[in-house]
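Structures are listed in the sections that come next.
There are two complexes below, and they share subunit A, which is joined by subunit B in the first and by subunit C in the second.
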Partner chain A sequence: MNGSTRAPWLRSYALLVFLFLYLPIAILILYSFNGGGIGGFPPKNLTLDWYRMLWDDRAIWDSVLNSVIVAAFAVVLSLLFGVPAALALDRASFPGKGLFRRLVLLPLILPGIITGLSLLMLFVAAGLRLSLLTIALGHGTALIAVAVTEVYAGVLKMDRGLEEASLDLGASYWQTFRRVTLPHLRLSIIGAALLIFTLSMDEIAVSFFLVGRENTLPLEIWSRLRRGMTPEINAISTLIFVFSLSSIVLWYRIRTREEGGLVEAQVLEPQSHGGNI
Partner chain B sequence: MYTRTYKTAVAVPPLLWVSTFLLLAYLLLFLHSFWSVQDGQIVHHWSLSNYRTLATQPLYLEVLWRSTKIAGAVTLLSLALGYPLAYYLSFYSRRKMLLYQLVIIPLWVSYLVRAYAWKTILGSDGVLNTLLQYVHLTDAPVSALLYSPFAVILTLTHIYTPFAFLPIFAALEHIPRHLVESSSDLGASPRQTFWRVVMPLSLPGVIAGATFAFVLSLGDFLAPLLVGGSSGIMISNVVVSLFGAAYDWPLGAAVSLAMLLLVLLLLWLTESLEKRWSHA
Partner chain C sequence: MPATDTSALLSIRSVTKRFGRTTVLRGLSLDVAEREFLTVLGESGSGKTTLLRLIAGFEPLDSGEIWMAGERLDTLPPYRRNVNTVFQQYALFPHLDCFENVAYGLRVRGVPKTEIEARVQDALAMVKMTSWTRSLPAKISGGQQQRVALARALVNRPRLLLLDEPLSALDANLRRQMQTELKSLQREVGISFVFVTHDQEEAMAISDRIALMRAGTLEQVASPEEIYARPKTAYAASFIGQTNLLHGQVQGGRAVVGSWEWPCSQPDGPATFSLRPENLLLASQEQPGNGVVRLHARVHDQVFQGAARIVRLQCEEVTLTARVPASEELRENEIFVFSPDDAVPVKDHHAGGQQE
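The block that comes next holds the complex of A and B.
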């Protein structure tokens, strides 16, 4: 049964689902080259004008830079707390551990709007002015969930005997952590970092509530969409798509090089996405 | 082998951070829902008045009900698309892993980009309408395509089908193939094998996928704003306007809490269902 293709109906159905998943993206990309604007069939006067316009668009590139800063901050913050949290969940027992686990994962499960609002209230109560910093704190906190799940999976696969040996041979905990634990978790940590970076670059629901004066890229696109649509947005969307694809390929390369084969390679699964970190 | 110091060192910093930035934040949402606004100021005056408003003004319940219906439709459609796809990939495809990656890739495409793509397709001078006119199926643009609950459902289904697919595929992959083979060896037709063996064993995946699709689409507020129009307004849009122009944070908090409660109830329900199945 396995491996056979004696299911013509099912096969056609699967093909249709793939069409449904990819057609909008293909149209989006195609129309980024359309001289006639965002709609209109058939597309005509293929042009690179929209990309040229995009290239000269300072506001967009400023927001890209903002997004990169926010995402980098979010990666550092979520790993800073996510790695120890994963170790703690595996090795320590403390009161409220069950609650802690649920709480950490909550931003991944809840609609982004709830996490966004709650953080807004917290920052306002703390008298913090809304800015890129508040967005970065929000992303970093919400994405601890991703760091924990990715790194925890790595911790489970790790051979504890190695750490034990290191400690027995007189290394301190800190040395053991740096020389044994971290190198073993490297792959999970890199994977988590890539995933967190990409999710943060794309995040909009939480940012929506925490934004100050400076926009992140999705918020900049959002504010333009409200003013009217131009194929320039198709162009930036196409670039985002290419960027996302490259990060998957990059992840693959790292993974296959480390593991020496494609057999076990699995692409990261963004647990939750977009509007909902 | 891990000393107390080690355990404290790894547990305390994340515990503190998460308690401050998540627990306290969610708690503030809860507290706000009992406060109220007077003369443009939030006053810490405890009452259930926000919840009373919620229960008595039909607007809120109507929108909540509509959001539930939209999310329900998205869930059903995502399953209807995701399940056969997962089944095909797991049982029939020769290039399973490649196709699997192909399902995942759209997840990496910006959420906003995908919603925007639908807007360019469904608009009155969008791709679909001009195509219909180009092939002379219609003379005038079909305006019902965009700014309708239909557009919201379509867009959200596109966004959340991969989410429904993932756990279903995982569940199907875990079904021992010898079970399927013995079923057919013992004379069951492919149809019987599917309904009596494969389907029941994949149910936990279906439930996980359905939960994802439902919860995520229930709380969505960007797709409705982008493609929904006034008839596609969902509960999160009400919350957004209460936090924005209307400046009634306490009422907004109460509405979000109602949504949160619905979500938590659902999560609890599916978790207990899964537990029950894994014991059976």
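The block that comes next holds the complex of A and C.
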């Protein structure tokens, strides 16, 4: 049969792709435990020394804190614009709506260099001093697209009849938004926030153009690499990898649960998740 | 009982509504009396749901006015109207339990907590749902959701309740039960109901008056008894109950259909008459004479229905349907009679149409 002759070949090909994707990461993680430094094969003297060193490294943790501040700000900013934009895309009819829908997604596809450079020119023209704030503004702007797409997907799934029922029962438009619309978009918004936070945490291109005196974590790592690689970098990268992976898994689980369309799941689960996020 | 003796609560005045190029309502006028159960009956696409949405305030009118209790209604936003709606798919809030669903309208209006508690309990008791206070809508059956939706609307003490095909999702038995309950609930709370349905049997069973809609206009507004016995149009006659439509002429005070003739006070010209199947009687059941119209019929086929038999008759060029008691034995050729009073002249928008 055709299938049986092709299957082994396909299987090894798939394995190759998998290795190509994950071997570097595996090596990165492995060498973060290597007592003999960055070189040498096979790794020997497995140790947690590099993690200990990392633990005492003030500069790294300052940059982590900076990244968290930037990411949190980016989340708030992009949601603040993204949620109303998603609702407008669904509800309002205005001239150029189709164009708006495409334009709002553009920053997702646009190379970070373009976004970074154009924002840099804007901030310089506006006389803004480069700082964490400019990075946060940059991330927020670039990631509005993510917020809009995620929340819009949630808006599409929502039953308009519920909002009409709310108005019918005497709730104003604002009360309806707060008591009916927002609870229904809750999971989409949490999902969007997680995704935006993760994307912002390891963003480098836009940050590179907009950075002031204080480094974000990816920029800190990058600048250290120029002075030479140490397994400490592997250690922090491993931590970032674990963090990104778990938040992506969390985001994916929220999303699939929502698509499952189970009302109870939508309604009951967020409370139990709240603590993990 | 046609409740025209009381003053109108709701007054719809030459309302027109268009969606793009389609005109859904064409200068429609309708009054609803206090404490009246009015059913808006029509096929899908007749504009009945749109009419309801205009009253509730979900759509703006293109022209015309809606008044309620001496106040202009159509200029108010939905949340300022003293009108509540029971939606077709119930539209219960899935993230709130039954109690909170019912309490919603009171909470957003800032009613004191103790009063909310009492009123919600009363409303849930009225629809017999007190045992499900803390259940989420997804956990209860369709019929129960229906009851909660009713309680959620009635707890706000509206002057007018709008119901958009609320029973269409229920199975036949539950449906009949809910019809009776709805009717007695309406008497109990003493407010006006405007009930939308496409089901003519339901409309007949439940209404004080039926407003029959067709293509954005009202075909006839009357009590179920009147609209059945005295339909004004061929459409009304055939949509509500079964009927035979006889196409003929009126000449000098006599109706002529084929070789049949009877006295008729209509003006001369082409005419259509509605004759209900139960008004076609076997000649043996009726004394001959008395001005009845006699027709020679060949019995086509019969459908047994328990108490009665639906019989298809070939009378000259025309096929007629009669309902005869099941006990009657029919021969192949029979003589049927009908009284001229039972042949109701109706307006026929496209005369020469088919019979049914």
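Everything that follows uses one rule, which is that the second predicted complex is superposed on the first by the 241 of 277 C-alpha atoms of A that agree within 3 Å, B and C clash if a C-alpha of one lies under 4 Å from a C-alpha of the other, contacts with A are read in each partner's own complex, and residues count from 1 in each chain.
Rule of thumb we're sticking to: a residue touches a chain if its C-beta (ideal position, glycine included) is under 8 Å from a C-beta of that chain, and two chains touch if they have at least 3 such contacts.
Because the structure is a prediction, the values reported are computed rather than measured.
Participant: So if we stack both complexes on subunit A, do subunit B and subunit C clash, or do they fit?
Facilitator: Fit.
Participant: Which partner chains sit in contact with A:223 here, subunit B, subunit C, both or neither? Use first/second/both/neither.
Facilitator: Neither partner.
Participant: Looking at the overlay, does A:183 come into contact with subunit B only (first), subunit C only (second), both, or neither?
Facilitator: second
Participant: Quick one: is A:171 in contact with subunit B, with subunit C, with both, or with neither? Answer first, second, both or neither.
Facilitator: A:171 sits against subunit C, while subunit B stays out of touch.
Participant: Based on the superposed arrangement, let me know which partner A:45 touches: subunit B (first), subunit C (second), both, or neither?
Facilitator: neither
Participant: So if I put the vertex at the Cα centre of subunit A, how wide is the angle out to the Cα centres of subunit B and subunit C? Nearest 10 degrees is fine.
Facilitator: Superposed on A, the angle at subunit A reads 100 degrees.
Participant: Per the contact definition in the header, classify A:85: touching subunit B only (first), subunit C only (second), both, or neither.
Facilitator: Touch status of A:85: first partner only.
Participant: Could you look at A:18 and tell me whether it touches subunit B, subunit C, both or neither (first, second, both, neither)?
Facilitator: first
Participant: Touch check for A:159: first (subunit B), second (subunit C), both, or neither?
Facilitator: A:159 sits against subunit C, while subunit B stays out of touch.
Participant: Could you let me know whether more residues of subunit A are touched by subunit B or by subunit C?
Facilitator: B
Participant: Between subunit B and subunit C, whom does A:237 touch in the aligned arrangement: first, second, both, or neither?
Facilitator: Touch status of A:237: first partner only.
Participant: With both complexes placed on chain A, how many Å separate the closest C-alpha atoms of subunit B and subunit C?
Facilitator: Minimum over all C-alpha pairs of subunit B and subunit C: 5 Å.
Participant: Can you list the residues of subunit A that touch subunit B in one structure and subunit C in the other?
Facilitator: Common interface on subunit A, subunit B vs subunit C: 164, 167, 267.
Participant: Which residues of subunit A touch subunit C once you look at their complex with the stated criterion?
Facilitator: Per the touch definition, subunit A meets subunit C at residues 159, 161-162, 164-172, 175, 179-180, 183-184, 263-264, 266-267.
Participant: Looking at the complex, which residues from subunit B come into contact with subunit A?
Facilitator: Checking each residue of subunit B against subunit A gives 1-3, 5-11, 13-15, 17-18, 21-26, 28-29, 32, 81-82, 84-85, 87-89, 91-94, 99, 101-114, 116-121, 123, 125-127, 129-131, 133-134, 158-159, 161-163, 166, 177, 180-181, 184, 212, 215-216, 218-223, 226, 236, 239-240, 243, 249, 252-253, 256, 259-260, 263, 267.
Participant: Could you pull out which subunit A residues touch subunit B in their complex?
Facilitator: Those residues of subunit A that touch subunit B are 1-7, 10-11, 13-14, 17-18, 20-22, 24-25, 27-28, 31, 38-42, 81-82, 84-85, 87-88, 91-94, 96, 100, 103-104, 106-107, 109-115, 117-122, 125, 137, 141, 144, 160, 163-164, 167, 173, 198, 202, 204-205, 208-209, 218, 221-222, 225, 229, 233-234, 237, 240-241, 244-245, 247-248, 267, 269-270, 272-276.
Participant: Under the touch definition given earlier, write down the residues of subunit C that touch subunit A in their complex.
Facilitator: Touching subunit A: residues 56-58, 77-79, 83-85, 87, 89, 91-95, 104-105, 108-109, 136-139, 152-153, 156 of subunit C.
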